[in-house]
Each structure stands twice: as C-alpha cells, then as structure tokens.
C-alpha cells in the first residue's frame, strides 16, 4: 500500500507537487495523467525514494520514505520496478546485461538470470536485439528494453513513466496487455502517461494532476 | 559467490569497453610509478656509492719513534675494546716512506734532503659508517692523543665535514623531493581515476535507482582501479628495468667502473611496484567514487 | 527538394532501410510513420547526413549527401532544423543557451539571438524555464526545448523525430499548429511519429514504413 | 568578433561548470610542471656548484732553481698566447714553504730535517672551464715540460678525471631523466585532458549535428585547455618558489654556505612555466579533441 499524506515537493521554491493526499492499494492498477510539468514524474520519484517530500509523508509498504535510513533505501527499491521516462539504460552493456542487472542486484544466480531475461525478451519480441548496445537501438527498442528491465525481477510495485511515448500503437497495446497480466498476478501498477488512449474506457482509476495538484480523479 | 564472479566480470568488461581511455590511465600511473621508483633507485645507488667512499675513511695514529712495546700493547687493547673500529692496519716507518714516494711521484726528489727516514710508524683505523660524525671522530682522536707513545692523530677533518654535510644534504633532498613526488603521484592517480569515474556518475545513479547496494556499486569500480594499478605497476617495473639496463650500458661507455657498483632492486622488492600501484589505485578509486548517498 | 533514389542502409549486415525511393518537394508537410525499428529515424539521419547511404543516392537541395565533402556538411546542416528523438540538449548549459546555440552557429549577433530565443520561448510557453538546466526539466519540457532549438534558426527544412512522445495532447496540438505555421512560411516539414492522431484526417501525405521498406503511402 | 566573444564565454562557462574536475586537472598538471621545473632548478644549482669547484682547478709549473730571466720571459710569453689560461699566479720559494707549513699543520716537524728550502718556485695557472678535459690538460702539461727552466708540471690528474666523469655522468643523468620526466608529463597532460574531454564526446556530436564548423567546436575546448595550462603554470611557479624558499632556509640550518650559492631562476624566465604549461595543454587539447569528422 502506498500512501501520500498532504505531500509537497519544492524545487527552487516552486512547488512541483503541493498537498497531495492519495492512497494506492496493493494490487491496484492506476494511471497518473496531466500536462507536461504537472508533477507526474515527481510523484513517482517520491515512491521509489529518489526524492524525499519537503512536506507531509509518503509511506510505501508501511515505511515512511522520508525517514528511511540510507541503508534501507536499496531494499525498498528492490521491491519496486521502474520504467524511467528517459530509459536510463547503461550505455556500456548490452540489452541483455541491462535487463540482467535488475536480477544481479537481487543476487540471483546466472543460470536463472539467463532464463528469466530470455523469457522477458521473448515476451516483448526483443530477442533479436539482446546483444546490441543501447546506442544501436531505435527509440522504441530502447523503451522496450527499459520496460523489460523493470518487469524482469517481478517487483511488488511497477512504476511506468510514459512507457509508450516512443512506441507505435500496436506495440503499446502489447505492452499494456503485458502490464495487465503482471497486475493480475498481484503487482501494484502505476502508470504515468499523457497517452489517454491507454486508460480511456478501461474502468481503471485515473488521477489528473495539474500544476502539482490533484485536479480530479475518475474511473473511466 | 555468483554475485562476486559477476562483479569481477563487470569490472573486466568495463575495463575493456573503455580500453583506450583505461590504457591512457594505466600509462599515466605507470609513468608516475616509474618516476618515483627511478628516483628511489638513483637514491639507492648514490647512497651505496657514498658508503663505498666513506668505507675508505679512517683515523691515522702516528706513533713516536721511541714507543715501548708495553705502550703499543695498551693502544692495541684500546682498539679492541672500541666497537666502532672495524679494522686496524699497522704501517711501519719503511712502508710509510714507500707510500710517500709513490704519492709524490715525479716530485720524489723533494725527499733527497733527508738523511734518515723522517716518517713515523702508524696505525690506520677504519670506522663503522654510523660512527663517521665529525663530533664523534674528534672525540676519538682526542682520547687517542692522551696515550703514551702517540705522536699525533690525524683525520680528514675538512673532508669528513663536507662528506657529512653532503650526505645530510642529500638525505634532505631525497626525503623532500621524494615526498613531493610521492604526494604528486598519489594525486595524479587519484585525479586520473576521479576523472575517469566522473563519466560514470550517471551509471552509478542508475544503479542506485535500481536498488543496488553500496558494495555492489563500488566493487566493480574498485576492481577496475585494482587492475589499473596492477597493470601500471607491472609496466613501470618492466620499464624501469629496461631503462636501468640501457642507462648503465650507456654510462659504462663513459665511466667503465659504473658496472661494478650500479645496482638494481633485489628480486624480493619486485612485487612492491605492482602491489604498491594496485594499493594506490585502490585507495584512489575509493576516494574517487566517494560517499554513495541514497 | 529531397530525393531518395533506391536507397539502402545496413547496420551489421541487417537492412535498416532497403530500396527506398521517395521525393519530397520543397515546402511539403509530410509524415513518416511505422512501427518501432521500421527505419524512421534512419531515414531522417540520411537527410541531415548523420548517416550516408550504403546503396543508392540521397540528394538534399541538389547536393548528393553521399558525395558531400566533410567541410560542406556543416553548411548543409545549418539549413536543416532537427528535433532529435532523444532531444540531445547540452547538459551543461541552460535552456536559453541550448536554443541560442543554433543561432550562434550561424554567427548571428548576441542582441538578435536574445530576441529570437525569447520569441521562440514565448511562442511555446517556456519562458519561465529559460534559465533552467535540462536535467531540471520534466520530460515534456525537455522535448519543448529541443523543438525550440530546431525552429529558432528558421531552417529551410524541419525534421521532427517523434516530437510529441512526451507531450500531453494539448501541448502536442500547440506544437503541431506551430509547425503548420512554419510550414506555411515555406519550410519543408518532415515529421516521424507513431502518434497517428497528428496526421489522421489532415489530408497530409503519410509514408508508412515497415521493416525498412515503404509499405504504403496515403493522403489521409 | 561576436562569435569569438561567445566562444570565449563558452570556454569560461565550461571551465566553471565543471570546476571541481577542472581544478583536479589543473592541479595534476601543476604538479607535473612543478616536478620538471624543480628538476631543472636542481640541475642548474648542481651545475653552478660544479663550476665553482672547478674554477679552483689549475696547473702548477715548478721552476728550476737556476732558471734564467730570459727563460722565465719565454714561459710567461707562452702563457699570454694561450687563451685557455685565465689567470697566472707566481709563487716564490718562500711562499711555497709557508704554504706547505700551513698545510702540514701539526706535522710541521717533518720539515725540520731540511737545511735549506727544498721547495721550488712555481706558476699556478687557472684554465677556462671548457678546457678542463683530461686529454687537453695532459697535452698542455707535456708542452710546458719542454721549456727550458721547467722542473716539472703537475695537475690533479685523478681528481680531474673523476670530476670530468662526474660532470659527464651528471649530464647523462640530467638529460635522460629530464627527458623521461618531460615525456611523462607531456603524456600526463595529454591523458588528463583527453579523459576530461572524453566525457564531452556526446556534446561534440550534438554540435556537429547542429551544423557547427570544426573551429566553432574546437575553439572553446582549446581555450579551456589554455586556461588549464596557464593556471597550472602559475600555480607550479608559485609552488616552486615557495618550496625553494623553504628548502634553502631549512638546508641552511645544516649547510650554512648554501645561501651563498643556491639560486632561483632569473625573473626573465618566470613566464616560461605558465606559457609552457599553456602551450603544452593547448597541444594536449588539440590531440585530445582529435580529428572532427562529419
């Protein structure tokens, strides 16, 4: 369970988020949307403790991230998979190794890693690019690799920041279906996106952010 | 275990994937190590040479012509008790004259005016190197002069003083220049590795965001630093040996005697350079990565 | 006028583009679309001579890019504005300076640069972020900065690679309107995108790429 | 002009925006320059000291007691014509005896056996430093021996030989060590700047894609390299002066005479270090940026 209580986050005295109160239940499938600069990425960052709230508290799986000891942060993050808006692939290793990294961090052994990574690559149709370096991939292929890395470790919570911005509608559909499967297996799923086709008429909960505030909340 | 293997592979991969720039780093550090070890080798050789020279230094105790056997016995006894004295050589009046003739060479006619041998018999003493301080020798000489049957005690006062100050000056120079170079190189190592790792700040950030622990992030970098240092040390050692061999060969053309006293480090000291380089780079890497904050 | 005659481009012996023949007239407004990895970015790269064709010829404004002398390349590129898919903002300078750079390269003087940059920033509603560094911007704001840099020098040809991937529909509309205005002033406009809402029912020419080949061409 | 101003500002901005890492680079190069200039300064001082010593070296021409005024005239004339001789000093028999008494010190009783003064009169010659080669001096001595009225010609053969080989050895050492250090430092500079600029490869790519010309891309980097080198040189010069002052002060406690002969570089040479550093970094930057291909 993820809980924001009256959370604000400031950059240079400007609020990127202000007075956000929000509860996301375990196993939920929720969308965050809103215009550019509304604070979507900032909201996600608060969940995986890349930023700490300047006001209020954020609690993730019962832990107050603002009070988390440094040593505890990696353990929190290992339970969360993140598709970063700017991908954040390591440039010096192949797609395979980029994805495997998420498992290495868990100390999983090489054989199991190989199996899992190949499975994930197959499920998103990227097997043929396994041994390419990120700079040799197209924009969409990089995004797919970033998605694969976020889901390979079967995290409790999956955060996806604009995961379809570089994908064609067909591939985007495949990804959303995959996400839904993952969600059905119990993973809490939070997707930040502009792409309203992803949530239109799906019945999922959607949070509309605007200038750092929750403008409205719907179940489309 | 599995993770360690992986981290090791990662280090090798990282090292290899940026081989050009890593090679530059290795060479830079190797050059640094080479300078400092060359400096140490030169110091070692100068020190040994000085030791050789001062090994020839001693006191000369001139004896009265009319010295008695008993007096001579007392003096010899005193020499035995003095542990600073490493050798005693008795020079008869005849030997002394012979030596003087040799020394004078073509000016030997100067001795023609003498009716009898004017030179005294003497003891030549050699002292331990540690005891060759101007003050210590002066005291020894004064004490020896008190003995019955001793005409005079001589030693190269001026020579000893300048030798002493040369040796002291050299030590000051060695220590100060050596520590400057050492600090400089530690700094170059740190700086090179820092600049090298600076590029990876993004990568480190990403690893942190993926939930990697501190040691998971650090270990590959430290190992990479270790490789860099180790390779640098090995290169420096080989280069030093090469330069030593070439230099002594070249210098021998000018000063043939150099071959007899030039020395290289003993084999037991060979690992010092690679291991020292590795340690230095390891510490440099540790500082370069810095504190990892979440 | 841009002309592709039987152009192929290979990476590691795999064709990213094969046998493309295509003519784009001066002043056209054209879309390139197709799934991830279809070769859209590669096609644009061939126009601004970031890649040279392995087969066939690409000619831009009468120049064969394959035979272009090294010294002539910068001059070609100064007539082309590019919105890169990965933005390519310089990380060490502010948004203002990133945009100004495109004019500096033309040797324009500082006063004029200041005016032009401020005008562009105003037209896309980014004036308040002028003195931020790219890493302090949201994904959409970075994309806007990249767009501003591409259009500020009023190029003859504007290439935009997935220019709305990180923009909300409202902002995307604004950008497309801006592009249209620029096009009406005579700039050739080539947009590579997955985002079919941009060209659906606009009557513009659309090239559909698939696996490096032109699959179809429509006037929607 | 406008563009140049901009490029200059860019260089300053770049330098400043990465000030930490640039500072490291500056210090690294400064340390390198410091080592090489310290080395040059030490060499300069050793060379001057050697010159001082050998300035006291000369030939002694002993005259026969029965030499005629005419013969003496011929000899003096010969001295005048020999441009290698810088000074001639005539020592009478009496002066020679006085000097010998002083030299013998407490052993002066050795002279008691003489009835008349056994020492000859002599000319002491000093030679130009350049002419102090063992072979040259030997030849001079042989020629002087041919003169009527010359009893003998002496010179410190052994001392000269060892002095000569010391000086030669020192020169070999200086040149070889110096060039190793110079190459090493040129390399460290290149490497540091290369690593520093390596991070910017992406930036350079972007500039190329935006249509920037080669010089537009290169100039800020070159200027940045210039700043780095210039600052390094200034820091190195200040540090060298500081270390020189402290070292001579410290050494003077041990060898007071050091103050009279230790020298620093002349003010005219001060710009060499900053300008040399700037030039070196400039060239390093040029290589570091490498060929820009479109």
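Residue numbering begins at 1 within each chain, and the chains themselves are lettered A, B, C and D in the order written.
By definition in this document, a contact is a pair of C-beta atoms (placed from the backbone, for glycine too) under 8 Å apart; a residue touches a chain by one contact, two chains touch by 3 or more.
Since the model is a prediction, treat every value here as computed from it, not as a measurement.
S.K.: Determine, using the mean of C-alpha atoms as each chain's centre, which chain is farthest from chain D.
M.R.: Centre of mass proxy via C-alpha means gives A as farthest from chain D.
S.K.: Roughly how far is chain C from chain D, going centre to centre by Cα mean, in whole Å?
M.R.: Centres of chain C and chain D (C-alpha means) sit 62 Å apart.
S.K.: Which integer distance in Å separates the CA centroid of chain A from that of chain D?
M.R.: 67
S.K.: Provide the C-alpha centroid distance between chain B and chain D, rounded to the nearest whole angstrom.
M.R.: The mean C-alpha positions of chain B and chain D differ by 23 Å.
S.K.: On a C-alpha centroid basis, what's the spacing between chain A and chain C, in Å?
M.R.: 29
S.K.: Going by the contact rule already set, what residues in chain D reach two or more other chains?
M.R.: none
S.K.: For chain A, jot down the residues that touch at least 2 other chains.
M.R.: Residues of chain A touching two or more partner chains: there are none.
S.K.: Chains as vertices, touching pairs as edges: which of line, ring, star, complete or other describes this one?
M.R.: ring
S.K.: Go ahead and list every pair of chains that touch.
M.R.: By the stated definition, chains touch in these pairs: A-B, A-C, B-D, C-D.
S.K.: What residues of chain B sit close enough to touch chain D in their complex?
M.R.: My answer: residues 21, 24-25, 27-28, 31-32, 34-35, 38, 42, 62, 106-107, 110, 112-116, 118-119, 152, 154, 165, 168-169, 172-173, 176-177, 180-181, 184, 187-188, 190-192, 194-196, 198-199, 243, 247, 250-251, 254-255, 258.
S.K.: Where on chain A does chain B make contact in their complex?
M.R.: 48-50, 70-71, 73-78, 80, 82, 84, 88, 90-93, 101-102, 104-105, 107, 109-110, 149
S.K.: Touching chain A in the complex: which residues of chain C?
M.R.: Contact set of chain C toward chain A: 11, 33-37, 40-41, 85-86, 136, 138-141, 143-144, 161-162, 165-172, 194, 196.
S.K.: Quick one: in the complex, what on chain B touches chain A?
M.R.: Within the complex, chain B touches chain A at residues 2-3, 5-6, 13-14, 17-18, 203, 205-214, 216, 293-294.
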